[in-house]
Amino acid sequence: MTHDKPNIIYRHFFSYLSILSAAFFTFLSLYNYNNEFILQSSLVDFSFKFSPFSILFVIFISLISIFISIFSVKYGEKYDKRPSLFIYAFFFILSMVILVISNDMLTFLIFWELMSIFSFLLVIYEGNEEARKAGFLYFLMTHIGTVLITASFIMLYLKTSSFSFDYYKGAAGIIILAAAITGFSIKAGIMPFHTWLPYAHPVAPANISAAMSGIMVNMAIYGILKFLFVFSSGSGSFLGIILLIIGALSGLFGIMYAMAQKDIKKLLAFSTIENMGIIFMGIGLSYWALVENFKSLEYLAMLAVLLHIVSHGLSKSSLFMGSGLIDKYTHTRNMEKLGGLSKKMGQLSVLFLIGVMSISAMPPLSGFLSEWYLYISLISSVFTGNLYMVYFSIIAIALLSLTGAAAGATFTKLFGITFLGRPRTENAEIAVEPHIIERIGIALPVLLCIFIGIYPYKIIASLNAVIFYLTGGTVSPYPLSAVHIINARPFSLYLPALVIIAFAAILSIVIFYLKIYSSNKKRIFETWACGLDEKNLKAQYSGGGFSSSIMKVFSSFYSSVSEINFEKDVKKYFRSKSVYTEEINDIFEKYIYIPIEKLYLKVSEIFNKMVNSENINISLGYLFLSLITCFILYIFIIK
Amino acid sequence: MNYNAEHLALGCIQFFIIVLLAPFFAGFIHKLKQRARGQKGINILQFYINFNKLLKKEVVLSKDATLISSLAPYIVFVSYLLILLMLPAFYRYSLLGVSSDVILIAYSLALATFFMTLYAMDQGSAFGGLGASREWFLTVLSEPSLIFIFISLAIYTKQGRITDIFYFIQNGAENAFLSGAHSSSVSIAIPFLLFISLFIVSISENARIPIDNPETHLELTMFHEANILEASGKHLGIYEYGSYLKLTIFLTIMSLILFPYMAVNIYQVPLALTTYFIKMIILCGLIAGVEIVNPKMRVFRAPNVLSVSFILSLIAMILSIRGF
Amino acid sequence: MYELILILPAVALIISIFADVLWMSYLQLVISVLIFSTVITIAMTFSNITVFLGSFFFIDYINLVILITVSTLEMFVAFYSFGYVRTEIASGISKRKFKFYYFWKNLFVLSMMISIVSNNLGIYWTGLEATTLATALLVSFNRTKESFEATWKYVIMCSVGIAIGLFAIVVLYFTTSQVYGESLQSLSFVSIMRASSELDKNFLMLAFILALVGFGTKVGFAPMHNWLPDAHSQGPSPVSALLSGVLLNTALLGILRFYQINWAAGIYYPRYFLIGFGFLTIMVSALSIIKQTDYKRLFAFSSMENMGIIALGFGIGGIAIIGSLLQIFFHALNKGLLFLSSGNVLAVTHERKIEKIKNLSNNFPITSLVLLFGVMGISGMPPFAMFLGEIYIMTGVFRSNILLGFLVFILLIFIFIGLFGKVLKMYTGNMDNAERMNELQSEKVTHRGINDNKRKKTEGSVHPFMIYVPLILLLVSSLLLFYVPPQFLNIVKSASYEFQGRIIF
Amino acid sequence: MIMEKIAELFIILILVSVVLNVSSPFLKFAIKLYSFQSLMLAFYIFMGAIHFNSINLYGSFAITVIFKVILIPYFLFKTLKRVKMDKEIDMYIGIPEAVVFAGSLTLLSNLIAQKIIKIGLTFGSFVFTIALATFLIGAMLMITRKTLFSQIIGFLTIDNAIFLAGNSITHGMPLLVELGVLFDLFVSILILSILILNLRRNVAS
């Protein structure tokens, strides 16, 4: 026990340090609007610039990391045994903050990689086989991404012969953009490259998952925006269309797989894929509009992107924190074992519900706002009448609407199975209300979600500075009008404040009316179960059952293997037990990644046998062979 | 859009008339169906009586119920009311018409579904989960169609708000047919396609017969009813009332797509109201007719029907793009 | 002053014949630091190419870079050896053996120094062959069958390779003797460079090709690399560090000298040979690294890959040369720390197989972290210095051909998969509950034995020097990314000018 | 001129000894052949020394005799005695094939040598062909024979080939360098002998 004392200090110290440094960077960025700092070194200079775009991200990262740090002050006691978690987490957050203010390619890459390294260390924190696999896959994918980003930076450098971002404006051509976007999409977890995400996010401790899902994936978006809207030479509108479609598919794919999950954190991880897809749709649309010169559409889609980044970051981090608390107090993340937590963790359930509503874009909350803007931009893109875009945006609308509905189903499942009903196993019975600090950590982002959803004018006004930086235009913050692309006349309007006032007014009238005119008697009784005295708590509808009917319709998305095993028994006519197992496989993993891996292993095995022979004669043979080959080449050259 | 007192007053009246008429339409359909089956049929105002009676009864709450159980009925009910606030029926300026965005309407419906299914899962009853699952199963299939229909309308009319959309259609129709002016942006085919599509969606969304049977409580066939199986007393009352409202919303939208006639000033209101009422009665008859001639289908045949609706709205959307 | 570079190792060599091992370890520290400070002083005051000891030796920018690399790594290795010798002697290896260790190691360093600073190519050859011989017995230090086999392969292949290198020198001598006559001057690099334009181009090219294959064997270019993984993995860890970190560069220097001569004579074909061999080496390494089961072999393959990259950089030219020169230095530090920290694991567990080692993060907290970060560094990840070298080289590659750039990147990813995946396997791996139960039960059976093993198999049982030297190397490697000493940078830049023939001898 | 012709005789004898080496499976014989071959090389150098009257070549002759003819074979014999091997047993190709192969390698090297070396450049007319052939045959020996000893022999043959080539086109390397080279060679043979002994012991135990 004496051993634990200093570890508590680690937890507190680094959590507070994270809060302080986040606050420090926030103020630093606010007071240094558009300033540039250069740290001179012998070979390369490290420069930092506080552009509006960077400031947005600094504030965003700082805010969420403050919430997460508050949360982990208490939550982290679970991890006191190995305090490296807190140290890594601090550096993780710090590297992300510095990443967004870096203004030259080397600094960017250094902090990009630092972010990856620390997040990787946090992923393998648990140190078991599962964590290793997840961590390796994550780090491999992110390394591939970094390599691609590095390649694109190198090509930019060759074009401009400068390391500084200031010289990269308008320098990036198609190849550079393609390489960079591919690299960043790996980090963002966009569809064909998403495989790492559902493994890596769940195995990390919950506060880290929150940071990874809420903040880190958005760093990829930061990079993409920087490339597409700052560095891009403004060519290749098809890139925008590709991004739109990839994003839409990724959204649908992500949510369909999320629906199939039992593990809460895995479900949330897949939902991150979905939301990244939605952000990608906005980016694609905006970039397309940039190239095709539909100005107001460009601004509008950009607003949707930025709003969705913020709103997804807030709600996803709160949900991950919530899932961490569920894990902490019930010792399981499997929702089939939970249920009825609402009774035990009343306040948490309310916070979680709001988070869930925001992420599934239910009207008054921030998630709906961003999705609304995206819909409006999609409709506007149809108005442009561009032959290709019209069809692609119709496809995108179709996919997005399906995604939205599926998200509703998924999160109903998540909340309903986990928090409602009756406890399915003992794990759920032992739950207690989390500590107040933990609840505060979740409550703050949730409150922000509500605030942004109801009163978005302020934040849109601030986002306008960023939109101006990226696209050179702004969106009117009030009224929240979508602008008709052709003749610049508002064609739709959504007034969240008005709507919410109306909603509240009717709600209070209805409640008041019913209070007066109806019976207020209440009786508490057993749940009706066809008159049977149902004792078996597992007789409730399960999460798997909830999603099975939807999954059956969309079965082509999954590669599921399900089987029922009957226990072989002596009694011929009575089966004592049957076991149903279902396994949902990622189709990309099954049909792309695993075959590639097998191919690589096979090739290297053959190669290894061929080249790295134990036999010295063969080795000498290679030596002389290469000598003779060089000799023959020489003879050809001197001819 | 500037609002004056007249707009507000008539919008208010419009809202209350629709809200009050809602159980009547539902009862009318029921009565029609029963008559067609050769039964005597209920009192046409029976649903008002039911509602009143349910309000008088005590609420039985499950001991496993949480806050959701006491909150969800209101939220569901108010969500529908909110949509009705935005929706024009016979008067062009609805009360919340300024913010009556189509996406908002679609998502408000989803909000209602969300809370209703949460309510269903709250008490830990096996039927609740089943109902919630099936409800979302249908919603996942019909919601894209609904949004598609709305967006097709938006694209067809180049308007984003539902009040403007119908006013545009009405204007276009008036221009085209009354004054004979040629207008390329007016079409009968597109609204008609959308009407059919919306009809299918509304059957699914309102738990009507080929998809669901609103009258039964047989656990294997319940969709909508399974969700509110635990509700009692005033909760059940407002759930029921909510479902009448939802039906009315869909019928109203259908009536406006096909034959928009909305009053723009106070003098046209009586005519518009009458027209509205007649349209609604016809639509009720249509729904009753469909319910009578069709048997309830298997659950997993629902996607087949709904995909038809989806494709129809897709075609409508592509056709309406032609206008640009 | 310059003579000290040779005198100091010679002194160390002579003393190591007589002195006691423990005394020698102290003395070795002193001499290594002295060598290092001599080299640093030279580097700080270096202004132009200087010939010393009767024009047999000289220092120019290129060999100064390698000299700095050698002396730096040698110093760290000396510190590590200080702990290594004590730990190994404590675990029961005879002192006499370590006396040999110091003798051969000093001989190795001396001959390497001679090779590096030699002006005369014949002396270079002699020195290089001597390094093979000096390290031969170090590679077989453990006296196991594998180590003898590895040594055999090493000596035979490198001897053959260097014999081909000798032929290259003969051809060069023949070419130059037509200018300078049959004298020592004809082998003097500085003189050859001065007369480069008068030489027969075909023969110069032939000499380069022979040197490339011959010395390339010693560098570890594929497909002549086969001795390398065996030899580098068998020696004691400090020696492996020196072998991988600096000896390969010494051999590369020979190729570079021939390249320089060709370049000065206006022959530009050699660069395609360098690019070809560099690329082939990277490819072979990339495709074989995943199948390795021994962690020191893993690092040996990584050395190969890095030599491939360096050769590629030199072949590409331009900015990539700076990258390659930086890479020579950074790679030495980084590979050194990998071999040294894995040496700790080896010293404690006596296990070379990757799958037998697990959960280093708990048993070896510092070492394992150094190992993990070291692997990241060797893959060219940013917070470590090799990133700089790699980005310069890749910039050059991308400038010459985008497709080649992407290809090299893909191969580097393969290497990363092999290297990092395997090290991660060692780093993680908490025991499952079931395993822990098994262990507990077996502990009951052989209570004492297990306890002894348990006590030994952690970081605590090695000398602190062994833990902290790799750590300091890691920190240095990380620091160098942010601040490369300007004087060193100037040397590197001048070296790249020299390499491109822009400095007149 | 006479010296050159005599030198050519020695060169031919080098080739003959190499081919004989290929044809024989006996190790003792191989070492003797190597010694003979080195002697022929030394004589060739001697002829060159007389012809060019170069002190350098005289020195080269002397150290070649000392190292290659006497010291290295002596140590090899000693090692062979201690290892107790007398016959080559493991070969990838049979002796007749190997001999035919050696012949074709000679033809090939003649072809190559004529491409790169102009006539009159070397001391003795076909030295370069022979040197190249010796080199290639030595390489073949190393590749095709499994036993450790024959690898040493192959290596030494290659070394001789390089010496031969070196001495044919130049008038000997500077003596200092040559001394270093031969000393290194000698030490490497010593080390290889030690290794053979150790490996033998390890395999036996």
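So that you can tell them apart, the chains are marked A, B, C and D in the order they are listed, and the count of residues begins at 1 in each.
As a working rule, a contact is a pair of C-beta atoms (placed from the backbone, for glycine too) under 8 Å apart; a residue touches a chain by one contact, two chains touch by 3 or more.
Everything numeric in this text was worked out from a predicted model, so none of it was measured.
Q: Enumerate, in label order, the chains that touch chain C and chain D alike.
A: Output, common partners of chain C and chain D: A.
Q: Going by the touch criterion at the top, tell me which pair is linked by more C-beta contacts: A-B or A-D.
A: Looking at A-B and A-D side by side, A-B shows more C-beta contacts.
Q: Whose C-alpha centre lies nearest the centre of all protein C-alpha atoms?
A: Located nearest the centre of all protein C-alpha atoms is chain A.
Q: If you average the CA coordinates per chain, which chain's centre is most distant from that of chain D?
A: With centres defined by C-alpha atoms, farthest from chain D sits B.
Q: Calculate how many whole Å lie between the centre of chain A and the centre of chain B, each centre taken as the average of the chain's C-alpha atoms.
A: Whole-Å distance between the two chain centres: 35.
Q: Indicate the whole-number Å distance between the mean C-alpha point of chain B and the mean C-alpha point of chain D.
A: Each chain reduced to its C-alpha mean, chain B and chain D end up 100 Å apart.
Q: With centres defined as the mean C-alpha position, give me the chain A-chain D separation in Å.
A: 70
Q: Could you tell me the distance, in whole angstrom, between the mean C-alpha positions of chain B and chain C?
A: 77
Q: Residues of chain A touching 2+ other chains?
A: In chain A, residues 616, 618, 620, 631, 638 touch at least two other chains, as defined above.
Q: Mind pulling the chain D residues that touch 2 or more other chains?
A: As it turns out, chain D has residues touching two or more other chains at 116, 142, 151.
Q: Applying that definition of touch, give me each pair of chains that meets it.
A: Between chains, contact exists in these pairs: A-B, A-C, A-D, C-D.
Q: For the complex, which residues does chain D have touching chain C?
A: Against chain C, the touching part of chain D is residues 54, 56, 116, 142, 148, 151-152, 155, 158-159, 162, 165-166, 169-174, 176-177, 180-181, 183-185, 187-188, 191-192, 194-195, 198-199, 202-203.
Q: Considering the complex alone, what residue numbers of chain C touch chain D?
A: 120, 122-123, 125-126, 129-130, 132-133, 136-137, 140, 143-145, 148-149, 151-152, 155-156, 159-160, 163-164, 166-167, 169-171, 173-174, 177, 182-184, 186-187, 202, 206
Q: Along chain D, where are the residues that touch chain A in the complex?
A: Interface residues on chain D, with respect to chain A: 92, 112, 115-116, 136, 139, 142-146, 151.
Q: Okay, in this complex, where on chain A does chain D touch?
A: Touch list, chain A to chain D: 616-618, 620-621, 624, 631, 635, 638.
Q: Of all residues in chain C, which touch chain A in the complex?
A: On the chain C side, the touching residues are 152-153, 156-157, 160-161, 164, 202, 205-206, 209-210, 212-213, 217, 222-224, 226-227, 229, 269, 273, 284, 287-288, 290-291, 359, 361-362, 376, 379, 381-383, 387-388, 391, 394-395, 398-399, 402, 405-406, 409, 412-414, 416-417, 420-421, 424-425, 427-430, 432, 481-486, 489.
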